[in-house]
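Both complexes shown next keep chain A, but they swap its partner, so chain B is in the first and chain C is in the second.
Now for the complex of A and B:
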């Protein structure tokens, strides 16, 4: 499973403050420890609560420069503003990059899809359209269908798409666990060349022992066909269980990554 | 998920000794603590290493009587000898009973299937025939097909079957996790009226941190469609995660069982 470290995200107050203060040490430390903990990609979200687009762009470009000085890990550029994404891509020196994210909304699909095509970037695509997150599998799949079709026109191949199957809290609707899992499975059936991704912590919103629910859901999602996960790589139990997921789904043929995780102490009972 | 407590099984030395010594307290204690820990059924296996069939029957009947004095939980009668099963059923006062187990081998299917039909018992059916455990999904399904067909002739409806999808160690063959999981999913597709069951600890044979692998596999199997599990109900982490599995698969609509498990302390991080 591909892990995307989520810890440089300005929706967290401490990160927003560090970006506002241009606190290089804080941001670089977050990049380094995530890389050391085994994140395959580092997500970079510089936030959106700025006075002007120029400020948003300046914040994102500062974070991009700062993170790239600290780690060689590929980045996931995370913004809902196409101009911010474009400015971030202009500051990115790597080949391997993921843009996070588009939806099936036509305007965003065209502007962000064109950026991805030009840069040959991969693209996280949320399985939703204008009306918000569908509460059922078939509407999420319909959004994926629209996304595949429109991106193909722009020259983004389906192999470059990471479909986010989306997660709603099970405490609000008990069927939402199966809806996300079945969406993942159906996407993999319909578009085997595409990848699937989730950020799964929303599943446990409103419940006690959220970590246990999140980790359990990751294991089920792995069997459903999850390829990538947006995760806190410092959650050692989660990182250990991701190796167990790889083992059980046949993606660790010699049990090597599992044994390594065991030796590192990630598999504490 | 239906839990079947596995702790009265004469393949464990201490249990075999207790049965040999007709140690009522030991056996009754094992029955009581499993019931208190939340097992839905108690499996009763009195062993097979006796000098004569009469001795095997006497041992099983003593265990049956002893366990029934200690708990009202329904029993799973576990033996590969049809005569022992028949004698055990004769000593069983409950309505709800599961016979463990048949395979697709014609002789066993006829003798044990007839017992199940006469008693209207449910039946664990291993997805295998004469040649041992198939290493692939389609041969396991073919065994299930033969079992359904033969049992129907004897008057055992498919609703009464608990198909055991069978588990081989992933350390020997890395594809075995997916083979068991896909067998469970395919059985549920083909025979939605049947139930599925596994005893899953074999998956982690030869690996360190076996408990973590076993529990992770349970979660994946729950999403694949597992209805019942043969398990040590004193493994509190496993029992807690079974409630998480029910929650995430939509089988705990008001999150009540999950919250109860949380309050009981079964969901320690």
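Now for the complex of A and C:
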């Protein structure tokens, strides 16, 4: 499973503050520890919601520069503003990059899809349209259909799409666990060449012992066909279990990664 | 007798039991009468409707709020209790006007433009209805002008705005400004909430109140209402 480290996100107050203060050490440290903890990609979100578009662009470019000085890991560029994404891509020196994210909403799908096509970037696409997150599997799939069709026209191949199956809190609606799992399974059935991704901590919102719920849900999602996960790589129990998930779903040839993780002491009972 | 049944209603609100088949928070309650059966019994016994609401439903919900604040209760517990109160209020509805009981106030709620998150707003709506307010829910992704127009038309005492994204919370500031421009800012109290929203942000944009969760929203509105 591909792991995307989520710890550089300006939605967190400490990160927003560090970006505002242009605190190089804070941001570089976040990048380094996530890389060392085994994140395959590092997500970069510099949007704090305050200030102008120019300020958002400047903040994103500063974070891009700062993170790239600290690590060679590929980045996931995270913004809902096409202009911010474009500015971030201009500062990116790597080949391998993921843009996060689009929905089936036509206008942004076209503008951000074109960016992805030009840059040959992969693209996280949320399985939803203009009307919000569908509360059922078939409407989420319908959004994926529209996304595949539109992106194909723009020259983004289906294998470059990471479909986010979307996770809603089970505390509010007990059917949401299976809806996400079935969405993942159906996307993999219909578009085997596409990848699936979730940020799964939303599942446990409003519940006690969230970590147990999150880890268990990750294992179930792995069985459903999850390819990538947006995760806190410093959660060592989660990172260990991801190795177990790869092992048990046949994605760890000769059990090499699992045994390597064991030798490094990364697997916690 | 009437006190017994009212305290049973209160207890069952705390347990989050709508009808007798429901499990409660604690084990072994299946089969015992729950909120809807007890409210029916109270009505049959001729107990004052206002008393059923105040001493049964509202005082039960107050305890749920305290337990939620202490992290003894979680969102599903709170929702179960709120649903039980909602079911009871539906049964009491026809009796309210007859007994001259008015809603505590009128509130319009909406999730702002560009934001499709409605879970928090829906929880606040359930709790406000349970607390005796008349709530009109405009939905999510509602543009500023529609919200201002609704305030003009409906003339509520309160406007509750929700945003879950840092990129959409800026609409709250614009809406407060539009209410000023329309000359109706002093006619309505504006309460804001949602994950990225803070007390400080509420102050900055000139809102009247901030609720960190559903119960806080209710208590802030209650205190502004008195």
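Operating definition for what follows: the second predicted complex is superposed on the first by the 268 of 269 C-alpha atoms of A that agree within 3 Å, B and C clash if a C-alpha of one lies under 4 Å from a C-alpha of the other, contacts with A are read in each partner's own complex, and residues count from 1 in each chain.
Rule of thumb we're sticking to: a residue touches a chain if its C-beta (ideal position, glycine included) is under 8 Å from a C-beta of that chain, and two chains touch if they have at least 3 such contacts.
Note that the structure is a prediction, hence the values are computed from the model and not measured.
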### Query
After lining up the shared chain so the two structures overlap, which partner does A:177 touch, if you call chain B first and chain C second: first, second, both or neither?
first
### Query
So, A:222: does it touch chain B (first), chain C (second), both, or neither?
first
### Query
What is the contact status of A:169 with respect to chain B (first) and chain C (second): first, second, both, or neither?
second
### Task
Applying the touch criterion given at the start, work out whether A:213 contacts chain B, chain C, both or neither, answering first, second, both or neither.
first
### Task
Report the partner of chain A that touches more of its residues: chain B or chain C.
B
### Task
For A:10, decide between first (touching chain B), second (touching chain C), both and neither.
second
### Where chain A meets both chain C and chain B, residue numbers
171, 207-208
### Interface residues, chain C side, partner chain A - complex
71, 74-76, 79, 116-119, 123, 140-141, 165-170, 195-196
### Task
Provide the residue numbers of chain A that touch chain C in the complex, in ascending order.
10-11, 47-50, 80-81, 128, 130-133, 168-169, 171-172, 205-208
### Task
Please give the residue numbers of chain B that touch chain A in the complex, ascending.
170-171, 174-175, 177-178, 181, 203, 207-209, 211-213, 216-217, 219-220, 222-224, 237, 240-241, 244-245, 247-250, 252-255, 258-259, 262, 267, 269
